[in-house]
Amino acid sequence: MPSATLLGQALISGVLAGGLYGLLAMGLSLSWGLLRLVNLSHFALAFLAAYLVYELGTSYHVAPWWSAAMIVPAMFGIGVAQHWLFDKFRVNELASLLITFSFAVILEVGIQLYWTADFRRYETEYSTKSIKAGAFFIPVLDLTLCIVAGLLAWGTWLWLRRTYVGKALRAAAEDPGIAAAYGVDHKRLAYLLSGIGAGYAGIAGTFIALIATLAPAEIWAYLGVVFAVVIIGRLGNPLGALLAGLLIGASESLAMAVLAPAWAPVVSFSVLIVILLWDPEWL
Amino acid sequence: MVEGKGAWRRRRVLAGMMGGAAALATPAIGRAAPSGKPVRVGGTLSLTGFLAQTAVIHKISAEIMVEEINGRNGFLGRPVEYVLLDDQSKPEVARSLYEKLITVDKVDLIQGPYATAPILAAMGVAQRYGKVMIQSSMGIPKLQTYDRAFPATPFGSEPNVTYPNVILDCLATFPTPPRTMAILTSKFPSAQFMALGMKEQAEKRGVKVPLYLEYESGNRDFGAMAARVKEGNADFLWVGSLGLESNLLLEALRKLDYRPKNHFHLYPAPGPLAVSPDGDKALCSTFLEPDEPFMSRPGMKRLAAEFKEKATKANLPYTTIDAQACGMAAEWQILEAAVNGAGSLDDAKIAAWLKKNKVTTVYGPTRFDGPYNHGDAAQLIKQVQNKEWKVVWPKEFAAPGVKLIAS
Amino acid sequence: MAELLAVSGLSAGYGRAVVLSDVAFRLGEGEALAVLGRNGVGKTTLIDSLIGVTRRFAGSLTLGGREITALSPEARAAAGIGWVPQERNIFGSLTVQENITAVARPGRWTLDRIYGLFPRLRQRRNQSGGSLSGGEQQMLAIGRALALNPRLLLLDEPTEGLAPIVIEELLRALRRLFVEDRMAGIVVEQHAHKVLPITDRAIVLDRGRIVLEASSGSLLADPAPLERHLGVTGG
């Protein structure tokens, strides 16, 4: 039986790793749930942002948060532009899957042309910093990610619940025709939301640059687990997406600590299936 | 691999034709430049997909070698043209592309792809058409069952037995030889194969293995594994890693304020591990490094210089040639020697010549008359010292003035 | 009485089908109009044409003197048309209160005032729209339309499928709206006796045309013309 220290440490690192799943899932969940667009290019945008953070950091010595301050608004713009295309060609849920997949592939090829297929690693002074808490170590970067993800999720959740725009978006997601007849201009709101989703990809990308390995094919590495997270967290629910991310991260990590590391990839889908079958009321 | 990767990959074929123009650019001193109809050599590399990181260095090596061969006498006096296609890191794509190269493009010869799975797929096709196939990166020799398939890399026929013993011999020279060993390995077949061998040989020689863990390739979070390694606190850490997995594991360990006492890494991306602060004193498998005595081997100096130039031009972050890149160079050295030695483009004659002769490549004298067409094993151990890889074991291959450092 | 809505020469339908032909009527500020007729005569098409989701073949619409013929549904909503759809179409995933506030525009119909009209909605304000009973959903649909602070309220068969006791409650609320508050409205109904007492005027549609126009009071007093067109005076 593994020791309490091991279990606790695995739980901490898993929950914190799950923050990234949640952060990635948030943008995807918003556009899927509220715009009925499954945006596969979300992952590619996140990696584009990550590569930009890497490039700015290694070639021009720009601190990652300054990079993020430039990249996130640019990503917002890309999200808006992307939605202009969806709108112009009246893209539906299924078509969005194919079109955004092509976007992602084009971005992947572009990234590979510029940065090559070789692994890139952005080494920073923060990458291995930890806070010691009793017998446990809490990695600073992962903790920051979780706090940022938590604030974003909470803020977005409040925005959707409390503001006119948020409620209008949810109403339009449920029945665009009826919402329009009540004066909801969901087209304009959709641009806003699409921009926000892409902006979240920018934020996720910043942390990916600091935490993970960059390689063009890694764009697809998060696809499966993040899809599971989006569905467990319920479409269009940012807080749900984050909590599901933490849940999956923690489960994967505990599976690696208690069972065998090779079990990790099975965990997310097992949790998904259990939750779909069980359908607990608190979800 | 990670879910979705396979299904989502698109079909994209990049045809690279090199050599023709390059042949003109290379002065052929004192020799007639090859002329006539080019000899076309077909092959695939994983230019896209999850193996793309290493394919690009193979491609550069191949370019250099084709230029060099055309600067000499080509194949039988004819220029060589490398018809390169992208197998997208997928065995099934490799299989159909080799089929296409042989039956549609009607290439004269073939050259093997990169990594075990595409190699096995291509080998099946090669066998059906009786083509000689030389490959440099199949880490499990016993899988090479086709009698016209030849290894360019000196793995030996049982690297899972021979190489762990090289490592154990090396460890035995430490001031305090490790008595316990933690083994972590990717489930990537060639890594897992070596990890199992390491465990068996270590236990045979009295080194305990209290922790043996396998993880899926594409694993994202090393936190939990790091916690287990820290808890086990073995004298030696052996990691069957690929790509940047070692970097991620070492970082995860440092986040837990733990540094492994001595650690070995199987197939890591060499650049990032060498420059990482966590990589200092890391041990790793190799066949050669751009130092003496290897630089004195045929073609090695020029290869290293040109590799640096082309890798810089291709915007690669790590431009120093390594054992991987040399594998592709050795493939071409072997093919050149065999074609010109057999005096024929006939696959049967080329295969027969190889089985009877030794070829001296950048890896040294290589023979093909052992089990699975393998010759002697020549695995070495290198270590990161001052952010550079240096061969440290066996001693006779250590760079001048370099010593193994045990911590 | 100032003119609020003018419909002239309206022909409209869906796709290539013309449902309404040459429909024309006017509605004054503070006036309530009943639209009567059997099933399938074009009553809902008339409402749909007013909110702007049908295909218009001819004719024009003005609201408060402003041409709205070419406006999109959301622009018509902004111009002051509030709609209570036949299917109610509550946003099931939003709470009762969110259903109202998601579309609310400033004006005299505040959340409090809406809850005052339908106290049951106040009790249910944190429940999801989807969990309400049919009658409550109807109240919510009306409350949601009022939250827009419309100049004109359109109700499409508001009593359909509801229990008699709920219908009573609903009609009392509508009476307060139309009779006491002088809200301008159009109520589509199959059953004339339910709606005539709370409206000022009535039109009867048959096969897409207006076949009768009269004051509600006169029709209540003498239902004979209605019987001619509807066959029944309503169940």
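Chains: A, B and C, in written order; residue numbering restarts at 1 for each.
By our rule, contacts are C-beta pairs under 8 Å (C-beta built on N, C-alpha and C of every residue); 3 or more make two chains touch, one makes a residue touch a chain.
Computed from a predicted model, the values in this text were never measured in an experiment.
Chain A has its Cα centroid nearest to the centroid of all protein Cα atoms in the structure.
Taking the mean Cα position of each chain as its centre, C sits at the greatest distance from chain A. Once the centre of each chain is set as its mean CA position, chain A and chain B turn out to be 35 Å apart.
Note on chain placement: the centre of chain A and the centre of chain C lie 45 Å apart, centres being C-alpha means. With centres set at the average Cα position, the gap from chain B to chain C is 77 Å. Under the contact definition stated at the top, not a single residue of chain A touches 2 or more other chains. Residue positions of chain B touching 2 or more other chains: none. On chain A, the positions that touch chain C within their shared complex are 161, 164, 167-168, 170-171, 174-175, 177-185. Only residues 2-5, 8, 10, 47-50, 52-53, 55-56, 89, 184, 187, 213-216, 218-221, 223-228, 230-231, 243-244, 247-248, 251-252, 254-257, 269, 271-272, 275-278, 314-318 of chain B touch chain A when the two sit together in their complex. Residues of chain C touching chain A in their complex: 51-53, 72-74, 76-78, 83, 85, 89, 91-94, 98-99, 101-105, 144-145, 148. Those residues of chain A that touch chain B in the complex are listed here as 2-3, 5-6, 9-10, 12-14, 16-17, 101, 105, 109, 112, 114-121, 123, 127-130, 132, 137, 139, 212-213, 215-217, 220-225, 249, 252-254, 256-257, 260-262, 264-265, 269.
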